[in-house]
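Structures given as structure tokens follow.
Two complexes are shown next, each including chain A; its partner changes from chain B in the first to chain C in the second.
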Partner chain A sequence: MSVMSREWLLTEQPASRRQAHVGQAYRTWLALRGNRLAMVGLGIIVVLILMAVLAPLIAPYDPIQGGDLRTERLLPPSWQHLMGTDDLARDIWSRVAYGSRITLMVVALVAVIATPVGLLVGTISGYFGGVVDTVLMRITDIFLAFPQLVLALAFVAALGPGIENAIIAISITSWPPYARLARAETLTIRNADHIAAIKLQGASSLRIIWGHVVPLCLSSVVIRVTLDMAGIILTAAGLGFLGLGAQPPQPEWGAMIAEGRQFIIDNWWVSTMPGIAIFVVSLGFNFLGDGLRDVMDPKARK
Partner chain B sequence: MTAVEETEGRNGALPPWVGRLGRLLVTLVITLVGLLFVTFLIGRVVPIDPVLAAVGDRASESTYHKVYLELGLDKPLWEQFLIYVNNVLHGNLGESVLTNRPVLDDIADTFPATLELSTFAILIGTCVGVPLGVWAAVRQGRLVDQIVRVLGLVGYSAPIFWLGLTGLLVFYARLGWVAGPGRIDIAYQYDVERITGMMLVDTLLQGQWDAFWNALSHILLPGTLLGYYSLAYISRMTRSFMLAELGQEYIITARVKGVRESRIIWRHALRNAAVPLVTVIALSYGNLLQGAVLTETVFAWPGLGMYLTNSLGSADMNAVLGATLVIGAVFVALNLLSDVLYTVLDPRVRRRG
Partner chain C sequence: MGLIDVSGLSVTFIAAGRRVRAVRDVSFSVGRGESYGIVGESGSGKSTVLRALVGLAPVSGGQMTMDGAALQGARPAAFYRKVQMVFQDPYASLHPRHTVDRVLSEPLAIHGFTDRDARIARALDDVGLGQGFRFRYPHQLSGGQRQRVAIARAIILEPEVLLLDEPTSALDASIQAEVLNLLDRLRGERGLTYVLVSHDLAVVAHMCERLLVMQHGRAVEEMTRESLRAQAATQDYTRALLTASEGYRPA
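After this line comes the complex of A and B, so read on.
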């Protein structure tokens, strides 16, 4: 289709709103492509997604059912077991591969839960102002007053350990910065002419917020969420390490490190391998986020 | 205009920063009440029966009922909250099921260890992070800049508990360069009298040099790891503040006048970058608290973080909520401190208010 040609994308006179949007996205992509670290990060994330999708194909063994306990316990890395085996004779590479599913699920669910909450609180607060704003922002400030991991710990302690509760706890503790950001964006949009025009047409506040304010805040909040993903992965892994996230025998990376802790002196690979997995994945998200920030923020590009 | 500002305007005698600090104090009180409310709510949604936790599951019906009333569980929720606030304000955080002692005493015992660890870490983070950030800014876009950048991103990405375990394996178990988990060897433990609760300070005050070196060898690894974590943030912020300053006209003026480049960087630019930098350092001091929770668990460091995770393991809710509240309060206090420092250090803010 000729519509998507390079000239069409990069034209100085877009014929439609869609063309302008797509063209802007394409320019961002071009700028991002020139950033080597960001491309490495993107590559890592693509590999993570492939790993999660193809886990049954690339994992040679069952991640939960171990092998022969007499002969296959705590084997060092070899061609049979790329990352060695753990104390229950399970293949660590297979567990790491399946664990990517848990990591992706946590990141995706936290993003799906926390982003709308932050957007809603922020836009409502910014749009209405006054008492509503004061009350909502005070609540936001109170959540921001706890270090994230500590608050998540307290919530998980109350809700009980488990991957679902860990996801809920991380979501509860991640929305406040998004609310802050959405509010700041809303304050700049609120008095724009097109909002006044819609108001004169008699649109309800809800309709204005949902249909006209939220879409404009969405992109900056989504970028912020991307930047936070590495942090979310680390918090989830930390909860898993403390035994409050995914429960055994689930192959969650943080919990796997905790399981390998008692063997670390003689069998270093048991906790080192999942640690490398966490490290590489969050490095990927950080590289991509760092590049995105450079591209999106003209001040940093200077 | 808020009420505070109005009265201030009428009096006219008070310097403007008093009003600013007044507003900060109001915010502080509201936030602290909010903290209390959040911990109170968490304590109420717990599926653990607080009465059973207090009397044990063998108590008779009448004992159960008596304690139920004593804990005020028959009263409406808001009244329970007031009782809770009253208790906390009187320093009563309840008793720990695990240690059988008041939670406040436990926290008083463990807090100095956390303070020592995070102070050590912030010193490393600042003393290494600031020069690195300056260096990266001066050599912007060059190899050094890239290295500092990747070093920072690695610090953001590595799970600190895993780095700790790996560090223990390599530097303690294999190489034997540092001492292992804990704060000091058992051989010295009972010789050191508790004065401040901070090992390095206590041993120094008592002139016990052997014990001091031993304690230093224990803190070296966890402190450096935690310091690296804050170094990542501090060096990055230093770099961006320095870049902003180095682009200013007064730098060009200084260059034209022939001031030495090193003097321009360290005396002119860094001095102006220092004001926002101080707030950044105060903020990352607060963030260290959360890194400390995981680090202490890995290194068996008997601080607030390990107390918190131990209590979590045994569902000791009084202890969990008490520790959470204290960490939250310290975090808020540090945020406030960074605000106050900003006001005090920046002459423009000081005058405008």
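After this line comes the complex of A and C, so read on.
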């Protein structure tokens, strides 16, 4: 690993394409590392990922199969049950741990589906302008005209309840802001001299959009997606809460809150524990998003 | 007939419902191997003439031909092999996320060259940047170095014509001279044809054999380097421009 030394990474005269790219990524990482809140956020997300991967090891009980209904129902937090048990005598800590898998899956899939769609619609719209722009932006307007949760509700109602359909519904409803953002960025980039220069090299529109416009829009869209992650988790939890997301007995955090609703006065921990989990993870994504904005946003850069 | 013939060129922009006639009825002709200057104050339409030549500005009247072939609408790929442009601001004309290597290899990829490494190395040497610059990002370069990269990008396809849009006005004085000398040398070595746009009469007098003075989108008068040096201007505006450029010299 001697070639990956600090000097090698930070040299002003990289000797290869790979060294230049890796060095640039390292510089971004150094800037991000200096941002304390971003590192807290990243830490929370790493913990979430570890929790999802190691769920079978860290969960002491089965998340679906409850214990003895006569003696183990609605037990308060104790050393036996760190977060207590719910009305079906299931260990809440185990359910929260397994629930992180669902949360992570929702977040990852929505990001993977919605980001490219928004980016593509926005850059194409902004780059070509005219009729293409008008048509794509009016479609975007239609999606933006409804509150996200209401639109997601309508889609889930049409597709049928379930976590997969909830993911699809959230993806369908979350790309329009990214398209708007990417379009706005593209409008400022499209008349830049470096775009004129590549046009004069005879580049096709596809090459210009993909190779020249998208990389410049990417950072602001990624920042926005990271900041939206909290909203996506909350929407997924909201759908779960309304019974349209994950179906029982799946340990989805929003659905768990809904199940605990009827005992909220006497057995507060049933709803509170998954609520804290949602809160912490949302906070983590927000911290990371803020940090990424400080580091990557070209407009904020000195 | 020259290599580039422009006759009666007009360019009209429509901005916010208002029609702006940036260029009105401009004609000139540039011979092969010649260096032709276009001079004028800001907003005189001189840069727009260059942009119209390469199809970046909306032409509303007149004809342009190159090598006898009419230039209109979308240019074929072969056109870009022959004509390249260097922009005014080297901070805006290089993609901030692309290395020098990417900037130079992309035109080669577009036009299907296979000996890219050798060509990139030669282009970097030609503009006086060594191999050490190949994998740098623009933010690791100075203004003069960036402009050299932009020139390397323009000559890497081995064009016949270089359109220079104020190539030195964003650089400080000492770097200006270096870049002008570089452009002079490249023209000598490669037999390039230049169309140079500048607001600086001294630069144009140094670089160009003939020049066109423009004001408010119109051609005022065409001069040769000799008549410029002899101050033999026939139009009032040109005389004013000459006086202004003299008054600028340190007393």
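Everything below uses one rule, namely that the second predicted complex is superposed on the first by the 248 of 302 C-alpha atoms of A that agree within 3 Å, B and C clash if a C-alpha of one lies under 4 Å from a C-alpha of the other, contacts with A are read in each partner's own complex, and residues count from 1 in each chain.
Note that a residue touches a chain if its C-beta (ideal position, glycine included) is under 8 Å from a C-beta of that chain, and two chains touch if they have at least 3 such contacts.
Model, not experiment: these values are computed from the prediction.
Asks: Output check: A:210 vs chain B and chain C. Expected answer is one of first, second, both, neither. What do you get?
Replies: neither
Asks: Counting touched residues of chain A, say whether chain B or chain C comes out ahead.
Replies: Chain A has more residues touched by B than by the other partner.
Asks: Over in the complex, which chain C residues touch chain A? Could you list them?
Replies: 54, 56, 77, 79-81, 83-85, 87-89, 92-99, 101, 106-107, 110-111, 132-133, 135-137, 140, 150, 153, 157
Asks: Mind pulling up the chain A residues that touch chain B in the complex?
Replies: Within the complex, chain A contacts chain B at residues 37, 138-139, 141-143, 145-151, 153-160, 230, 234, 237-238, 241-244, 254, 257, 261, 264-265, 268, 271-272, 275, 278-279, 282-283, 285-287, 290, 300, 302.
Asks: Help me check something: in the complex, which residues belonging to chain A touch chain C?
Replies: Within the complex, chain A contacts chain C at residues 12-17, 19-20, 24, 192-194, 196-203, 207, 211-212, 215-216, 298.
Asks: Inside the complex, what are the residues of chain B that reach chain A?
Replies: Within the complex, chain B contacts chain A at residues 27, 30-31, 34-35, 37-39, 42-43, 45-47, 149-150, 153-154, 156-159, 161-162, 165-166, 168-169, 173, 240, 243, 247, 286-287, 289-290, 293-294, 297, 308-309, 312-313, 315, 317, 320-321, 324, 327-328, 331-332, 335.
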